[in-house]
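In the part that follows, the structures are each spelled out as structure tokens.
Two complexes, one shared chain (chain A), two partners (chain B, chain C).
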Partner chain A sequence: MPVVDVTVEVCGMAGDGTIAAGGLINEAMSQIGFSVLGFDSYPAEIRGFGRCVTHSRIGAGEIHSPGERTHVLISLDDEQSKSRVPFLAENAAVFFDSNPPAYIRENKSLVAEVEPSVLLYGMPFRDLATDVSGSARGRNLTALGGFCAVCGAAPEVFRRVIAEKFEAKGDKVLKVNLKCFDAGFRYAAKNFSDRMLKTFAVPMKADGPAKVMMSGNEAIGKAALDANLRLYFGYPITPATPIMEFLAAHLPLRGGRVVQMEDEIASLAAVLGSFHVGSRAMTATSGPGFALMTELITHGVMAEVPAVILDVQRGGPSTGLPTKTEQSDLHAAVFGGPGDSCRIVIAPTSVAECFRYTVRSFQLAEKYQIPVIVLTDFYLGNRVENLPIPEATEDEKADGNLYPDASAKDAYKRYLLTDSGISPRALPGMEGFIFAATGLEHTESGAPNYGPDIHTAMTEKRHRKIQRALADLPAPVEFPGPAGRDVGVIGWGSTFGSILDAVNQARARGRNVGALKITSIFPFHALEIREFMGRCDEVLIPELNYEGQLANLIGHLHRKDVVRLNRVTGIPFPPSAILSKIEDLVAER
Partner chain B sequence: MKTPAIVLAERVLKIKESRAFDIRSSVMPTWCPGCGYFGINQGLNACIQQLELPHHEVVIVSGIGCAGRYPFFTHTYGLHTVHGRTLPAATGVKLANPNLTVYAVGGDGDGLAIGGGHLPHVCRRDVNINYLLFDNSVYGLTKGQPSPSSPLGTKTKASPAGTIDRPLNATLLALTYGASFVARLFAGDPKGITAALVEGTKHPGFAIFHIYTTCVTFDKVFKTWANLKKWVHPLPEDHDPTDRRQAFDQVLEDDFSLGIIYKRPY
Partner chain C sequence: MTAEHCVIIGNGPAANSAASTLRQRAPGTRITMIGRERLHYYRPHLLPDFIAGKVSEEELYVAAPPFQQQCELKLRLGQSVVATDFRKREVVLDHKEIVPFDGLIIATGGRPRIPEPYQVFEGLMHTLKTPADAKRWIEKLDSVDSVLIVGGDLTSFRVVNALLALEKQVSFILSEDSFWPVPFGEEVCTQASARLKEKGVEVIECRRIKRIARISEDLLEVETDRKTLNVGILGAFFGLVPDVKFLAGSGLDIERGILVDEHLKTRFDRVYAAGDCAQVFHPGMRDYWVSIGYHNARTLGRIAASNLLGGMFAVDVAPESIFQMDGVAANTSWWMEF
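Presenting the complex of A and B:
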């Protein structure tokens, strides 16, 4: 059986129905049984003008990265699609409008731009749509019909997916869209019978759990709902806003509330206020908003108040690159703010992990009475994957608070010095445990105190509990398994998928390489990381930042300098760049 | 015949039995002797007692400044947050558990300077928080710099030539922002504070209590006890607090009339 691993792009102008067509392809391929990873790009500013591209990697096995070469390009607007030509694979298939409007016809056709090896499928997208529906609006659906016929995907699945998408818009709209799809399908079946690719005509096993298409941001939203979030406080910021919008649609149905605050400072202040009285709350932001939150993060550290903060990273510093991806907030997340203010920082590497670790962040925040920062990025937040519908277990959702014993009544010490560093936390409303949470250094009972012994003991306590949290945090995972390696690649966040692809390709070439995934950024599993590094001749850390922020954090654990590989291109890390660095390192040995 | 010692012991016993001081915590206030904040403290304590609020169901939220220390001196739950973030923190507390009675306390620096951006929005949201703004027109905890409510020309170590920024009027701001309950009070009149707080606590929306007070250590010129006592006076008897236009006229004409200036009917 041939291994299916195909990258499909749809490209057009805003208004062509590009994003809708890409979404239908993702959903249909998922329902057929393929794995799908999609990452769209669309105009950075406002809608209405500009290039839209959907990018979907579709495969029979697991998919870790978006794929660097496009095998199928569906061009809804040749002028825009020319920008995608450099990314075409050899023998790529290109679907284009053979009778486009005049402004495209004049020396702007895609046909003149592509290599001779590319297979061309010219179809009158607009004419076909107009013939069956009286309007050219359905041209994206006729294009999909052509793609479906040539690539051998089951048309009944496409028709079902189209029905699911358009049924809410009424019978008429649905019928028009189906007619356009069928027209495209019939045209391609008739005219391209000698050039059928049958790329997706692979029998897929129908068993296994039902899958759902979900973005990282949606997974985070669903995780918060499942973890019984009560209050969301936030301020709009690209690319974190979809989390607020998802919750605004769903949280009120579960009795919770989304409150748009006046800024990010107010958002985190309200989250801390909410957790102070025992209600689960969260906020989501990106770099500039996260920077504003740093003082309050340290308040959570000092006053030992839980909080859950999502930082969907974008290019920085300052306003930076709002719609580009980067992993450059690690320093800020781990170290940002005044004083010795250790906190918990988790970085998921996939959509499924976005869900899992967001659910767990609430319990961790409660148990360790600390702000928990979940670091994702523009790419991870916006990419879609098909995955079994994620569900949280009762254990993961359970209340993480440690309440004081009744015997402590009337003699309660909120900041009791304990071996674990965790002091039982009373909630306002509980009789007999009155205290004031404070950002000033304080005694065990919470009274302000600046004595040298108190500050030393309390600082140690706060760090003790965070080190203890390691036991509850995801340990590093080694791929494919523990062994001595010529090159060991360590990664975090959305870049880890690219690392895994590169390592798998290098291994297929016979290189002795392995990968280590680090999800718990702070505290980090120093023993496990050191042990892995000890078995590697060279340690390579690719990151989407310039300074090598993870390398700065853990590099000292290696017996010699770690090799850094840094990119600030604003796009996901290409596996080929990592592979080529691995080859260099192997060659230098 | 009762000796003075017996008289004293009986008085102490009587106070103890009255439980009037139960609302005080064991932490001694850090405020200077003669500070106006003691009067505000007395007024709020009496309000909590008069309304018979269980102490464990009261949360006092504060920011930074001399008023920031407030929660430590009262036997209620407290949240001493960072500078200027009193109101959003109090919003989180109240929305998370509406059964709690929430008092936010802070000075003119905390509420009008660093935290000034939150005031319009807490007024808009109208969450049931009671905000006591202690306005002494000076930064006391940092030893005497001018505040947003210092009058033009205020001379301090940080403004040796006199300030050139005009002062803010917190009552007028709150009215303008659409606060649903606005009272102006004086730290030298704890009974007046209690009366307004009792009514404001029962008010279902956001209530702001703009309280003129003194800094006996760093202000010997402007808001001294002597001046404030001379300046303040009750609102006219015919003032109708449900009439917003009348409230504006009152505040624009008179900086020192005290009482409930505006109360939106629900």
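Presenting the complex of A and C:
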């Protein structure tokens, strides 16, 4: 297998076609046969100004995190791209417009910033695009052509990917974009023959199962479709909106409906109402919207009505940092809301897990008659990976509801106290059953009752079923396998990829380090986590939040203080920071 | 005066010597060095030995001096100055970037000179100025056995030695226009011809090349007024011409190079020129002379930087060490080294 591990960035101003160019690189590299992990960052404002950056880590092996050093930077706007210079690897390649529309001062020049070891590829992006299309709009495609030529990627694959992207816009648009790409390719082939990198000119076999480029948000959308979602209710909010957009495009084709509600409260109310009558529904939001939902989450807990809620976390609190990533909603997801309102919280760590656990969340919500919160974040929701086309099994899709025995009718009690805590649930319209759903504390039959015995019994029942759910939730997974460790690193959500890379690097240096992935945030597998901690001299928990929210939740399971490593920089956790902390801990032993 | 931002155009011996002097004498100065080539500071006179395999690629390069390693100067490689405005004190780079300066030293060196009659064949000729040129020689020499050298500058003789060491068959055409900058009298020609023949080089007696045609990837047909030869590589060695094209219309006085006084100052305040690109006034001769060679370039770079910082050092060259050739006076340390 060839050794390829390259990070490519495209940087420009909003409206430059930056995100489109990055997407084409991801798709082309995936079709060539590389593993790809892509991640975009863009301004909070809708359009017109602000920096857009796409990061694509492209490799021949498995990829778990975005690259920390950029090997190729394609600048569509030099002033914006200056911010990327500190991240350039030694001998990086920088593609830039050698004939911008106006003169630039030294203090605003990208080229003025780079180290002499950086290879410069100045191309007249605008001129090339204008020459072949009459407009400079296609300059992102000319830049791609140059990148493709210099880096030795297969141009026919790029042309195919461009065709796939633009064919729906008509023949004229497609031809213009292909011409722009070809113009850039020809220019680079002619002018840069002395510095061809041929980075990707390696034989790759695109064998194995067919792969697809998919973002975390798209995976969630597809999972919902595969899980026979009937209704989606939502209110747009960055970075969860792509889920709504995906479902708006696909759900109606399957007979379902996407409804934009007036706010997040109404969205969750509608989801609860839909599940109330036995129809699978979902909503997706982010921090501020999730905060509005908390009262209704507890209503779902009390009334024992299923719900599936996606919280794509962003920087907070409040409106916070709409287009920055953070893992700071864990406390809110687990504890948010009045009363002892336990619920299920799952945090996928990859795009594949976004699919897998979203599918399962519907069944879990039905089986345990409780809101299930799937906790992702800006980075995971927006990052793309190429993965085998995910499909849900029949078992995963199966109805999770426990219906009452038809013979029970007269004796039916909606909130029957059972050993498992799960009461058979009759849906409105089931003949002969009296239906009840209430946010007030209630008796087994659903009648309001505030007596101490009832409240105690019902609270225990609600918590009993949560503990029972643990058996259906993904257990922690240890990497590379069970053993005694000098340092054990525990992670959740999108940070786990960075942890895995850091642990692998530390192990390559001979460090006795292991990692534990926790996907089920609540309830959590205390026995397994405690057992792992017990085999580690030091336990490190890196998180993208300030308070160490997972550490707060599980830290007490260790015999001594866990070591917290927290960042609130708005960007994915760099593996090097984790590796550095591991080294510190090893050195301190 | 202490220049706040000193820009040096060039990255050769004169430029690096100037940068080193500036850093030593004016520690607070911001220095930007702009080099068109993407290469770090190298020793051009070692290129023939590199071709012969006598020195490694690493040995070609001058180890970065401490001030470069500590990033106290901004080295901008692969970037060309395409225009200058000495009144606004700005240079313009090829990607439309404007770089302001308080002081400027132009030390762009020279580029291979191809006499006008041979310019139509330029694409078929190998020159030798940079490590990249040398690599092209090395690559081509892998597949060919015969080389024809035209021109007779000092580099050409070192290349001949390298080729002979590689056991290549070497032919040489000496003509009046090719022995620049050394005066090409009959005596010198006879001596050079005899020396070449002693070494086993075939010296072609001819007046001019009439035609060059590529027969195949590894074969050129060279027709002279005396005979026709088939060779693998045609090397052109006619010396260097100052690389100052970008200064056309800038207001600087340029003849063969940038005209500077004995202090290396141009007609513009705080603008100096040094090295192969400068044509220096000699008060004793009351004429201008050019300098050639690594050591001369370093000396001039040092003087230009010192004077930019307020010094009044004059270039001290004895008139008798300056050659005359085609109306151009030249001081070549290279020749002395050879």
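What we mean here is this: the second predicted complex is superposed on the first by the 580 of 589 C-alpha atoms of A that agree within 3 Å, B and C clash if a C-alpha of one lies under 4 Å from a C-alpha of the other, contacts with A are read in each partner's own complex, and residues count from 1 in each chain.
Keep in mind that, in the parts below, contacts are C-beta pairs under 8 Å (C-beta built on N, C-alpha and C of every residue); 3 or more make two chains touch, one makes a residue touch a chain.
Computed from a predicted structure; not experimentally measured.
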Partner chain(s) touched by A:Ala249 [first = chain B, second = chain C, both, neither]: neither
First, second, both or neither for A:Ala163, with chain B first and chain C second: neither
Partner chain(s) touched by A:Ile389 [first = chain B, second = chain C, both, neither]: neither
Contact breadth on chain A, by residue count: chain C or chain B: B
Touching partner for A:Leu119 - first (chain B), second (chain C), both, neither: second
Touching partner for A:Ser279 - first (chain B), second (chain C), both, neither: first
Chain B versus chain C as contact partner of A:Leu527, first or second or both or neither: neither
In the complex, chain C residues that touch chain A: 38, 40, 74-79, 92-100, 132
Residues on chain A engaged by chain B in the complex (per definition of touch): 230-231, 233, 257, 259, 261-263, 265-267, 269-279, 281, 295-296, 299, 303, 305, 428-440, 446-448
Chain C contact footprint on chain A (complex, rising order): 96-100, 102-106, 109, 111-112, 116, 119-120, 122, 194-195
List of chain B residues in touch with chain A within their complex: 27, 54-57, 59-61, 69, 71-72, 75-82, 85, 87-97, 99-100, 117-118, 120-121, 125
